[in-house]
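First the structure, then my questions, so here it is.
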Amino acid sequence: MLEALKKRVYDANMALVKYNLIIFTWGNVSEYDVETGLVGIKPSGVAYDQLKPEDIVLVNLEGEVVEGHYKPSSDTPTHVEIYKHFKSVRGVVHTHSPWATSFAQARKPIKALGTTHADYFYGDIPCTRPMTAAEIADEYEKNTGKVIVETFEAIDPNEIPGVLVNEHGPFAWGKSPEDAVHNAVVMEEVAKMAYRTQMLLASEMNSTLQKELLDKHFLRKHGKNAYYGQK
Amino acid sequence: MLEALKKRVYDANMALVKYNLIIFTWGNVSEYDVETGLVGIKPSGVAYDQLKPEDIVLVNLEGEVVEGHYKPSSDTPTHVEIYKHFKSVRGVVHTHSPWATSFAQARKPIKALGTTHADYFYGDIPCTRPMTAAEIADEYEKNTGKVIVETFEAIDPNEIPGVLVNEHGPFAWGKSPEDAVHNAVVMEEVAKMAYRTQMLLASEMNSTLQKELLDKHFLRKHGKNAYYGQK
Amino acid sequence: MLEALKKRVYDANMALVKYNLIIFTWGNVSEYDVETGLVGIKPSGVAYDQLKPEDIVLVNLEGEVVEGHYKPSSDTPTHVEIYKHFKSVRGVVHTHSPWATSFAQARKPIKALGTTHADYFYGDIPCTRPMTAAEIADEYEKNTGKVIVETFEAIDPNEIPGVLVNEHGPFAWGKSPEDAVHNAVVMEEVAKMAYRTQMLLASEMNSTLQKELLDKHFLRKHGKNAYYGQK
Amino acid sequence: MLEALKKRVYDANMALVKYNLIIFTWGNVSEYDVETGLVGIKPSGVAYDQLKPEDIVLVNLEGEVVEGHYKPSSDTPTHVEIYKHFKSVRGVVHTHSPWATSFAQARKPIKALGTTHADYFYGDIPCTRPMTAAEIADEYEKNTGKVIVETFEAIDPNEIPGVLVNEHGPFAWGKSPEDAVHNAVVMEEVAKMAYRTQMLLASEMNSTLQKELLDKHFLRKHGKNAYYGQK
């Protein structure tokens, strides 16, 4: 059932490796099929170099397995919660990509600091609130989805297609699993740039190169008496 | 028309991927042909692994398409503005390469801090001023070119073949598209070094290795009683 | 003797290269065979691209060579000490992987800061105390093992399968050499994230993108008047 | 003449690319042949992917070309100066490797901070003093060698086989060109670790993961009620 969907979900999961978003089994991608109401998702703890399209597990919006010889990702209830509330979302991805995860661990949003960010995210990428002990103790993964949804009460998930889960890591979504992975790659890239921007703004550069060295090196390559390289 | 130019522009665009300056479609390279007054430039939003030399779009210095089955890069008016004012420039490249973009997001120049920088750039690589709301609202990409040109009123673009656009990212140029890409790679490398230099200067290192450990490790490998490795 | 063990130890050593944990010969992996009481370990100073499974050296728990045409790793006494005291450990790995080593050089634990860490380590990864001049002068490598064991007096090595040796670098262990390498890769990844988390927490981000630029870039790609890309 | 030496110098130059120490033509390696008193060195500005063993230029200790169809590296006088004064050195390498260069730009030594450093360098790797305007104006490259030699007046170059040239970049040396490149790789690696150690020491980590999250994530994978992965 839904073999084309399984292939897309498989391809999107493999793309996590290609884009260096994950090591080992530290990520999962799913797709929601609006007609059948089913979600295809990566099986739990299966190595990426052994994953096959037919291993993708199908679950319904109650999170129950409908088809599949493996257990679904332990994060399945989070994916399902997102599909139930973000109506136009068709693909969801979760990774522990290191730059975005560092912001999540610092419990800080990835602020919109440049046009690279603005090309994809219409404002800051928020970080969820800490979960309560009760939320963690029981139905932890479902509650993770709930705090994500809560975080977007006043935000349009189509305008900010991603979130940081507090002290955990990023989720991203989109119009398809491929689009969700694309947004996850962008989140990682803008997180990296935001980190470096913050470091640059937090310190001053008062140093400058000795003028004679500047002259010497530029002019030995570019001046009319240049002597670097072959004639 | 201008098939050799299209091939050079294609090659230079592909080099952005090879040199890790871009992900996805986050860059574009062009060449200006002084005889015909035409510019060859990457089409907008076309994936690099699907790009072919014949996809390169030809536009005139009014930015109008003269030949091509695709729309040109949305940044075309910026490229054209550079060619109109920097008379010896034959290639222009725009990327969102992460180190240079981080300086642009911090609204700081890449200062000349070492001879690597001086080998290519005869002074600091400037950052443009913020654009006004009016400049952004209308003819944004053309106005981006205008603020670049304004930034070089007192700077020779042959001596500083690159710029940071405020809160956006780097543009670089040169005698050919290949040369422009070369300068873009250098900008990214000197931005990385300038960042790390700034961080080193902003903090002090008062720590030092325990003397006994220094002796032990150096001498077990290099002393006359060395016992590391095979005899 | 123990050819299957030698193959596993060989494979685990080669994995250090694959996972970018080491350069040159800066690492070693061993396995303990509980039946024979023997340890298979990498020979000292042999380049990884010349290493063969039959080069793995077998030593007993006194550290004496039982089989092998090479000298064992100079760190062999440290491995042996770990096997003698951490009863369920079957694989040990030592590297100078750069992120974990930087924490060791800073004499700081890798703190548990996120769920990535918690998935593998049930608390902070400790750093050993400085060794005394006497401990360094005589039986240095054995004493390195002893300070590791001392550090775990109140910690279960199955819950924290790794340690930083003060001003030196990481050791990790597990149920097999492969598992030990897996834990070494995780240590390096969580060290990287902990570093960046610390830097983010140590500085504030008060900057934000100009609102007009945020609107322009998001809407030229995603708004109903979007003009980026092909139609 | 000296074809075997040329091949070694060629191989060592190509290794700079393999070890990611350089981009473009930003490095050069030489070997000194004590019998003939000649130095084989990379030609100036020749791309690495076009370099051939027979392109290696032979010069004498006055820096005069003895054999070769290309001009030698513009840094040749620096290499020669090192061979003239550091009597046991047979290979010299110069790069602009980014971590070491960042320390040179910050005008700071790479301090000995761990055993990785101590395995190769018996103390801090020094940074030369600034050169005078006169030293830069005339015989710049020879004077670069002279300030290196001056820096080692009280240091044994066999114990510290490398140096940072102020605001420029690293030189390293050894018993052969291959050994010199090995030391250059180590300098880059210990510079990277020293940088990160400094950053860690310059800030405090007062944060810690929420206890409930630590329990949840460790125990869902490792506890007796673990539910992550397949059964």
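Some points to look at:
For reference, chains read A, B, C and D in written order, and residue numbers begin at 1 within each chain.
The rule is simple: a residue touches a chain if its C-beta (ideal position, glycine included) is under 8 Å from a C-beta of that chain, and two chains touch if they have at least 3 such contacts.
Values in this document were obtained by computation on a predicted structure and should not be read as measured data.
If you lay the C-alpha trace of chain C over that of chain D, the rotation comes to 90 degrees, to the nearest 5. Matching A-C against the pairs in A-D, B-C or A-B identifies A-B as its interface repeat (over half of contact pairs the same by residue number). Although chain B and chain D carry the same sequence, what matters here is overlap: shared residue numbers make up under half of all numbers found at their interface. Of all chains, the one whose CA centroid is most distant from that of chain A is D.
Averaged C-alpha coordinates put the centre of chain B at 26 Å from the centre of chain D.
Mean C-alpha position of chain A lies 37 Å from that of chain D. Multi-chain contact residues, meaning those touching two or more other chains, occur in chain D at positions 105-106, 113-115, 167-168, 194, 197, 199, 201-202, 207, 209, 213, 216. Across the complex, chain C meets chain B through its residues 43-46, 70-71, 74, 105-106, 130-131, 133, 136-137, 140, 167-168, 207, 209-210, 212-213, 216, 220, 227-231. On the side of chain B, the complex with chain A involves touching residues 23-24, 26, 96, 98-99, 101-106, 108, 111-115, 117-123, 159, 167-169, 194-195, 197-199, 201-202.
If you check the complex, the residues on chain A that touch chain B are 113-116, 182, 185, 189, 192-194, 196-197, 199-201, 203-209, 213-218, 221-222.
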